[in-house]
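Across the two complexes that follow, chain A remains constant while its partner is chain B and subsequently chain C.
Right after this comes the complex of A and B.
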């Protein structure tokens, strides 16, 4: 019993005591791209929220769906109204971790490979995501870059039968963020 | 036993710690300063036959092909109105997200129209709360018929008519949007001396979404001022919106033969109860003329 208490206290103490260094951005960039026979769909979001804890590797994103800008205003309206239902599910989020955080030296400028796993929630559906990217550490902060594919079906995003086969069911996501140290 | 407990407790705490640490990071983004604007209150710039609160997005042009067939109760000889149709071709362009200009031509009296749509207020929630979206709609019609024997159109001013509307709309939920439409219509020269030149009306319109791509729409205009003649009725239209990618198809039934407001608000003579109604459709196609700045490089 005593041992349990010691372990619990230890973990709690550890949680509190590690005053983490955090990096944050509110103007990250996410683009998505899908190339189907009928429509090439591309959208840009320049208002992406992202934060990284360099101590424990916790890595999160919060994205407002309505902030995606499309080449055609009508596509944007359809995206929000018919596909991702932004009134019901306004936010997409990612809660994950850089699993090789100890390989990255945040004090030494350079390029580092980052392995990221976590849970991506879009359209109210959560699905695990695993990807790799690069962190470029410089004296001002960290630049992060990654690319990965998601399947619409994993997030219950329906393609109407009238255009099925004409719109790609897999979407390429490109993430570009410029994280700056959070002032305490 | 104790070892097991320790392991379970440790795993539980570590998981909890991960979640807590992630939520902690997420909380950094919580701010109440964001304002969210209602979008797509109506699918199209028309509710059924008249204007909705919607102004086309910046850089987009809408081509609107409008058709009102003849009265359904004209019977088989006229193929239920198919033989007599009033049609209009219209173009509308969004200069900014709140200002659009339009031009159109209707077969009735060979009338040209120029119009303006200005979004004055946007419905929003969050930091800035605004319960309704308000759009001003103004239209000027020009009859381009040749000057008849009686010299009716000897002055250009005699050919002109005007519509002013304040469209007040609220998107109550993604399924339900409603709007009220006070209108002021002016004709420089009316058909007879007894007809009023100025007409005031109050309209109500709305949509109920049946699915993401199909909605049921209605529109009614009640004329507040003196009726022009006994046989004129208030305009009532019921329709369905079907949206397919770049097009919106609107299929409807209406007791108004006319297409633009200065005609259909005061001069609707059809009677729903007698089957004196018209089948009609609008086909609205959207073209992107100027891409948003994020895509300007292409």
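Right after this comes the complex of A and C.
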């Protein structure tokens, strides 16, 4: 009887410990918005890679700077050539964690508040980020939404004085991702 | 004499304003009409980026030929996928998002198929080489 119990416990433990699932997207959406005194500047990137590990909360983003689209082509050119220097620093990345991952029940549909911390690297410079967001679990996967501000100075992004009236020092970043389970 | 100088000055200023306005509102590049900067095979392109030699393609227009195994059919955009590896984000390789006008054409194709396309290379994000606004050639 003891042996059977041990075997059953072993099987259950094995089943529970292989619950780890990775959720990914390659078409995540990130928008940044700058409300300067003279002009509003907005750009969209919908080719963002994001991955979330449901067991340890590991949360990673990879963003190609040249995929940001602005309404004005000239602004897009200035962004790439002068501000973020995308030839030198083609990728921005976030390496972090959902610190309350155990609060999220990936099997139960609904909204869950998430606390995220990590390191954001833009323009070759890394700076810590701490924010909150919402994960919505459904039968297809997980949708994630978050908004936070960053300071351009933290990433050595310099706006020439002629233009600085147009661009705010703080940029609002909005993240919208639709994560699907990665088949292993 | 003064009037002529004034008239010329106004014309020059108007010309400059018009020119500036024209540049300020310049249109986005029509990648369907762009001439390719490089012609590569999918294998060449992927291997170059993986070995750290791909930077020359960043921001350039590429003409790419390779075997497409699958497509990612999104809401409005279809992405052609060339797969070479597996990793943290699943399949790794090259992803080419088509200009919507080519959607009907690709939906009619049976895959896998050898395809030649032209598009803007946004770069390599550590997982995939990303090409955008692609046109199907051939």
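Note that in this section the second predicted complex is superposed on the first by the 163 of 184 C-alpha atoms of A that agree within 3 Å, B and C clash if a C-alpha of one lies under 4 Å from a C-alpha of the other, contacts with A are read in each partner's own complex, and residues count from 1 in each chain.
To be clear about the criterion, contacts are C-beta pairs under 8 Å (C-beta built on N, C-alpha and C of every residue); 3 or more make two chains touch, one makes a residue touch a chain.
In this text, all values refer to a predicted model and were calculated from it rather than measured experimentally.
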Fit-or-clash call for chain B and chain C when the two complexes are aligned on chain A: clash
Name the contact category of A:182: first (chain B only), second (chain C only), both, or neither. both
A:159 in the overlay: touching chain B, chain C, both, or neither? Say first, second, both or neither. neither
Which superposed partner A:60 touches (first chain B, second chain C, both, neither): both
Between chain C and chain B, which one touches more residues of chain A when both complexes sit on the common chain A? B
Once the shared chain is lined up, is A:26 touching chain B (first), chain C (second), both, or neither of them? both
Answer with first, second, both or neither: which of chain B and chain C does A:129 touch in the superposed model? neither
In the overlaid three-chain picture, which partner chain does A:74 touch, first (chain B) or second (chain C), both, or neither? both
For the combined three-chain arrangement, which segment of chain B clashes with chain C: 6-14, 78-86 or 114-122? 114-122
Give me the intersection of chain A's contacts with chain B and its contacts with chain C, in residue numbers. 22, 24, 26, 49, 51, 60, 62, 64, 66, 72-74, 76, 80, 87, 90, 93, 182
Contact footprint of chain B on chain A as seen in their complex: 1, 3-4, 7-8, 11-12, 15, 22, 24, 26, 39, 42, 44, 46, 49, 51-53, 56, 58-60, 62, 64, 66, 69-74, 76-78, 80-82, 85, 87-88, 90, 93, 95-97, 160, 162-163, 182
Within the complex, chain C is touched by chain A residues 22, 24, 26-27, 47, 49, 51, 60, 62-67, 72-74, 76, 80, 86-87, 90-91, 93, 182-183
Parts of chain C lying in touch with chain A, wherever the complex brings them together: 23-29, 55, 58-59, 72, 74, 79, 88-90, 95, 97, 120, 122-128, 130, 132
Sort out for me which residues of chain B touch chain A in the complex. 2, 5-6, 9-10, 13-14, 17-18, 20-22, 25-26, 28-29, 34, 36, 39-40, 56-60, 173-174, 212-213, 243-246, 286, 288, 291-292, 294-295, 298
